[in-house]
Amino acid sequence: MIASFKRWADSDVGHSFLSSPAAMLAAFVALVCVFCSAFAPWVAPHNPFDLATLELGNALLPPAWSPGGNASFLLGTDDQGRDILSALMYGARISLAVGLASVLLSVAVGVALGLLAGFLGGWVDGFLMRLCDVMLSFPAILVALLIAGVGRAMFPGAHDALAFGVLILSISLTGWVQYARTVRGSTLVERNKEYVQAARVIGVSPMRIMRRHVLPNVLGPVLVLATIQVATAIITEATLSFLGVGAPPTAPSLGTLIRVGNDYLFSGEWWITVFPGAVLVVIAFSVNLLGDWLRDALNPRLR
Amino acid sequence: MSLLQVKDLVVEFPHRRGTLRALDGISFDIAPGEILGVVGESGAGKSLTGAAIIGLLEPPGRIASGEVWLHGARIDNLTPEAMRRVRGRKIGAVFQDPLTSLNPLFSVGQQLVETIITHLPLSPAQARERAIQLLGDTGIPAPEQRIDHFPHQFSGGMRQRVVIALALAAEPQLIVADEPTTALDVSIQAQIINLLKSICKQRGAAVMLITHDMGVIAETCDRVAVMYAGRVAEIGPVHEVINHPAHPYTAGLMACIPDMSEDRDLLHQIDGAMPRLNAIPSGCAFNPRCDRVFDRCLHDRPELQGAGPTRAACWLHAGASASVPGVTP
Amino acid sequence: MLAFVFSRLAQAVLVMVSVAFIAFMLFQHVGDPVVFLLGQDATPDQIRQMRSDLGLDRSFVFQFWHFLVNAVQGEFGLSLRQGAKVSRLIAERLPATLELAMVAAVLAMVVGVPMGVYAALKKGSAISQLFMAVSLLGVSLPTFLIGILLILVFSVNLGWFPSFGRGDLVQVGWWTSGLLTPNGWLHVTLPAITLAIFQLTLIMRLVRAEMLEVLRTDYIKFARARGLSNRAVHFRHALKNTLVPVMTITGLQLGGLIAFAIITETVFQWPGMGLLFIQAVTFADIPVMAAYLCLIALIFVLINLVVDLLYFAVDPRLRMDKAGGH
Amino acid sequence: QTVRIGNQGDALSMDPHSLNETTQLSVTGNVYEPLVARDGKLNLTPALATSWKQVSPTVWRFELRKGVKFHDGTPFTADDVIFSFARGSGDGSDMKSYTNDIKEVRKVNDFAVDFETKAPFPILPDVFSFFYIMSKDWSEKNGATKPVDRRKGIENTASFKANGTGPYRLRERQPNVKTSFVRNGSYWGKIEGNVINVEFTPIGNDATRVAALLSGQVDVIEPVPLQDVPRITASGKARVLQGPELRTIFLGMDQKRDELLYSSVKGKNPFKDKRVRQAFYQAIDIDGIQKTVMRGASRPTALMVGPGINGFDATMDKRLPYDTAAAKALLTEAGYPNGFEVGMNCPNDRYVNDSNICQAVAAGLARIGVKVNLQAETKGTYFPKVLKRDTSFYMLGWTPSTYDSHNALNALMRCVDDKGAGQFNLGAYCNPKLDELILQIQSETDKAKRDGLIKDAFAMHAADIGHLPLHQQALAWGVANNVELVQMADNVMPFRYISVK
Amino acid sequence: MPDPAPLVRATDLAKTFDVSGPWLNRMLERQPRQLLRAVDGVSFDIQRGQTLALVGESGCGKSTVAKLLVGLHEPTRGGFEFDGEDAHAAFKTPAGRHLRRRVQMIFQDPFASLNPRWTVEDIVAEPLHEHGIETDPEALRVRVDALLISVGMSAQDRKKYPHQFSGGQRQRISIARALATEPEFLVCDEPTSALDVSVQAQVLNIMKTLQRERGLTYLFISHNLAVVRHVSDHVGVMYLGRLVELAPKHDLFDSPRHPYTRMLLDAIPKLHDTGRARTPVSGEVPNPLNPPQGCAFNPRCEHANERCRNERPVLQMFGGARVACHGVEEGRI
């Protein structure tokens, strides 16, 4: 562990990170966001999900520094009297969780299927790739929309956790295709490399070869893709929420906050729109920057 | 007067752990019509020398000092635009892999014509004439038809001929050929080397032939430069260097080559590996592997010095002029 | 070649059927159209009657089969909500969406490719860094927010562009075009920008990455070694080779444009298929949804086909291999 | 003069009998006319009928207006009335609820018809105001004798074209894009406004609709999102007309099942206990909702119908006080000192700020320890679900289409049977005594006596706390400063009242 | 004197690749199946402790033979006996895994044949693990050290990654890995062609030393005849999937019989014979998808006659060598 960290810090990737201010800044911002959202219950001044604490009397307060603002609501409140700052932290927590979980899920599925397709070839490959084609011809938002709709209709239990499950599922359902294709491509290259053949000559079983030899060597591009997809997933979640199939209103995600804020764009209550939008942009931006940097850093030819 | 003169050429790569000196004071020259072979271990700096001469060092690589003269004019400090005019027109280049040297999306003819028109005042029709002629000269049958074909429709050997035709398109006086046959089949190799040789002789062009293959050098070149760790270890007429190597490294290298004419149980081998650029030992770079090392080798860096008909960078020849006894294979 | 087109078309049919199948499976859960067809005072009997009239009480396999049989005859039935032929509704909406997507695609290309080329050639320069950073904004902002912000700035505050609709249209056969009137162009501007921003970012980054790769290839090095001018090297050799993969990927992205058009159309009240679809979703208008999804699948396959054919046209390696096979 | 109207939705069809829905009837009502119409104050006024009287308990006679011509020039006669009622009560019509009680329509002469009802029907003229008359000739010629038949996939000319007697003619129809109308020069009556051309455009997205008004692309928008009212007013280009609407928003609770579908309470149904219902009632900060969520644009109510509906009685409109402590006490008394968990269903795009209201209610309930799992969703999935009674706690809004309390009582408060009684009584509230009253109201012809019965019925329902009434939402129309119009409480927008300066 | 039973015996080995397009395309364009006979009936024996070298141009099927022998490919026809046992049948059974221990392979490219993400220790220990030869970590370490030292590396190199080594060192790691299971038969597919002459010498020397010490048997593939002459006992010359000449080393180099063998020998640049003008080889390597009729070499052969263009020659004994050539058979060459 420590050794591998040392190796990292000493490696070209580590060095390129330490010498890229943009990457470090992005990582810092991302870390702050992750921290604030992961520890929202401890960091946030209020608990916006606890409805009992909401006072309609506190609704629509402007940020603390503007006239009429209230110091205990730093960034103001929304129409339910929710503290925007706290809502942002809790919301980012949901968005990040949804983003990460859906990316993890699609990476897991995509990588597994891509490996299988690439390594086994033949009809497995043919079938999986046709499946990808079908998935691709459903634009991502459409699938998400349908799945989210179906999911909510099928499990009317209305529990928030389930709603998130459906969100995650619907986002990953289109996400995996990219990974599958990428991994299949690299697997096709990798499996003909001599080290894989060497393992076969030694008598290592195909599954083991896939797991121990091929997998680690095809993860590079996946990593890059995944980083960027986290941002995309967060935005997809926001978009789904705009189309009305997002997170429940009592536990708003960043996307829901933006959707709601959207209604206040023309009215004077700019803070309801601006802060969630800004936070989303900052998160997406820093994650994308990281992904960008990673792409260049992992590409030996660009070093 | 020599056609090409390289004086004390130093190429560096600024790197995060300090600057790497990949070429360290290379000097040699090539006379018109002469074929100079460049040999040496992988990573010795052969390709870099070629790239530096044609001004195509990949950033961050740069010429840190030294001079390159072509035809009495200095070319290492030209503006990019002026250097571009030199490339192709005065110095042609042939690279190792004919498969990747040609743009797959353009027909052979398009690539030839574009090169010719860039450098010679010809109309497109004339350029095409010339292109067909060039293809014919390099031994491609039915050039009138083949000219409109795309690179992938040619076999490896033919592609390399096309590449040579491209290098010759504007009648350059010098051709830098970086391992032109390594990617080819054994039986095709000889054809290509012969072609290069004969065409250059016909046109009076000089060639800098970079290769690993001592056999090719022996058959083709007039003189040979042996490189080691970014320096010229030995340079001289080809049979001198082969038959009477002056530098222990050259001698070792010659001995490594399995010989068709004798049976040996084990080959001679030079133990160890070439040092990395960031860990070149002080003194003579070869000293850790040299079986004739002595004190001076550890501290002072030897310059090329006369050792009979050849010149070698070895303290064994400090002031001497005979080949080293005992290291001849 | 012919075989290729054939197999693609066969694939198209397959894809469309599976899309329709999945769609129908999903429709069982997206809502009950009857509630919207009958007013609030309808009696339970009326509702039951309506359900059985529409065949909604049958299994989805049956409904799907029914749909297929109709679809084969080019009939998608009547929109439950609007009582109009689905085929006509879609035909009315198709031009709007296609025009919007085309304008957006062209915009994304015309702006994205040069930006990408510049960012690759001047890698590391301030401007290209700026391009990279600004373009990231394009993928960091949700489309709907961009759209609404554009409306706020350019139509409410500045009053330069209209905020909704297609404006004056010209009828050309059954096709209605907004691109033949200045007013139509005014109307298409904001939606097209909204739609293009995401693609633009992708294209720009793709072109940059591909271009950087291509610039490292041996044939570019060899082209330089032949003394070709920078212009020839960059814009003749490098760009052409760059555009081959870029073309494939952006072609595929065209489908994404149409999908994203749903949001853009919602925001700008653009009377295209996306708006039709989203309304159909809201009211569980099954025939419209099914037809839309099938059409999208068809468009997708066609785009893929065209892209592949273009690929054949541009890349001689593919072209010749096929021709040389005989 | 041209006026451009941006509306949230579109009329789905131009067929006046195909859908019983406000937007559709509002739009087609400019082209077609009923026998009896309503004026700006919602009072009945003669339209195609000049007078009507009850000739026997079950027969009404309508005298028809003479000299009226349809837009295609054919004269209007009793045959058209008979044809229209036949069409409206036949297959594919969504207007059957207006014709259900009619047994027969008889021609007396060319300009008089008799309506025989199945039972004494005191308010027959009231139910006619949305029933439009079509031309028999035109319908037969255009194969539009029936409203659209979706089953057979046959389209209907009347969906795209219109031929009525009204003040405006349909000029061009692009569904969901634009529908334009032109003033009918040969209209029989007086057109109060001065508008010649009307362009009716659906703009679904709130922000876009507001932007369209602010940027001058449309002259009238409906509705205005409440939060944007100040902005529009401040723009100096337009104003917002606000007025009470007939629709009443209320919450319903499942009072039938022995165990709630979505609740932490197992084995019993807390909503069967009146104390629980009352606790819920008193936990709702209706004034807070009115002030912040509705931004003042609502009228808190204790009744299930609002002013303007026959039977509304202001003296009864007294809510139980908002009192968290009392609510908590009631809950404790009912055996839930720590509250419980319950699922709540709510639309998010049907009523004004619907999901925000639900959230505020949920917050109020949270304060008495009830944890609400709120599911707010689009109407497309919401209504099918609640109409299946697949809910424990829900929101609904109701406008009696007959402008009479009986409609609300019958649909919302009667015990559920499968003949249509209590059809929208989604929580299956049931009080047999109230049922009896409602039956009486239905056939009582004496106005004063009937009003008394209605009052009793509402009192009984309020005492039961059968539902939790919230408010009547306000209409909010955005109108450019150069436009004058009349805002009607039933949210119908007759073009004839619009003037452009 | 009859030979003792050979350790390795290949009989009529053949491998055909199906390189046709997808079925639909073939049907529509009426193209036949395209079969590529990469190896077409190759037979040879290798005695224990001896080295057989295979030479030939690129694409003639050398690597395919190698992969057939180690079980990376299934033969289309023919078989391969190892120590009297049908190896391909054995590879398939679980019990046949022991055979994998006895047959190992060294690959051409030292940069591609080591997993870049594994340490040297992991790489060399993998076969030991896989075959359960050594399970105790400490013993494993000792074993790995010993292996590394046996190929002239140091035990301290264990923790390093492949990219930290030079080509020659990497090739030694590959050899160490191949030796881990103490195989008897090593298939070496161009083990030095990616290496420099000086490094090549190091690797060849190690191979030879190991052979002497452990009695290894090699199949050595190369296109470098000088190297082949140095390492081999017997040499097989392949052309387009077939053996055209198979002879003891000295026979072959001193008196090549097949015109192709002669051509190959002629193509070797001679080091000490500078400036000699060679007759360049003419013609191109034929397309393996569409091999010439008769003797595959006939289009490039100056001695080709009508028979060569129609009839395929088979291997026949001529003196110590086996040659497939009508010209040799008829005494024309």
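Chains here go by letter, A, B, C, D and E, matching the order in which they are written, and residues are numbered from 1 within each.
Simple rule for what comes next: a contact is a pair of C-beta atoms (placed from the backbone, for glycine too) under 8 Å apart; a residue touches a chain by one contact, two chains touch by 3 or more.
What you are looking at is a predicted structure, and each value in this text was computed from that prediction instead of being measured.
Counting steps between touching chains, the shortest path from chain D to chain E takes 2. Within the contact network of the assembly, the step distance from chain A to chain C comes to 1. Here the largest set of C-beta contact pairs joins the chains C-D. Per-chain CA centroids place chain C at a distance of 39 Å from chain D.
With centres set at the average Cα position, the gap from chain A to chain E is 50 Å.
Computed centre separation for the pair chain B/chain E is 32 angstrom, with centres defined by C-alpha atoms.
Chain A and chain D, compared by their mean Cα positions, are separated by 44 Å. Of all residues in chain B, none touches 2 or more other chains.
Within chain E, not a single residue touches two or more of the remaining chains.
Those residues of chain D in touch with two or more other chains are numbered 207, 211, 214, 349, 378, 381. Residues of chain C that touch chain B in their complex: 217-230, 232, 236-237, 240-241, 244, 314-317, 320-321, 324. By the touch criterion stated above, chain C contacts chain A in their complex at residues 11, 14-15, 18-19, 23, 26, 29-31, 132, 136-137, 139-145, 148-149, 152, 156, 209, 212-213, 216, 252, 255-256, 258-260, 262-263, 266, 278, 281, 293, 296-297, 300-301, 304. Residue ranges of chain C in contact with chain D, taken from their complex: 30-32, 35-46, 53-55, 70, 75, 77-78, 80-85, 88-89, 92, 148, 151-152, 155-156, 159, 162-166, 266-269, 271, 275-276, 279, 281-284. Of all the residues in chain B, the ones that touch chain E in their complex are 41-42, 155, 157-158, 185-191, 193-194, 212-216, 218-219, 238-239, 242-243, 252-261, 264-271, 273-274. Within the complex formed with chain A, the residues of chain E that make contact are 67, 70-72, 97, 100-101, 103-105, 107-109, 112-117, 126-127, 130-131, 174, 177, 181.
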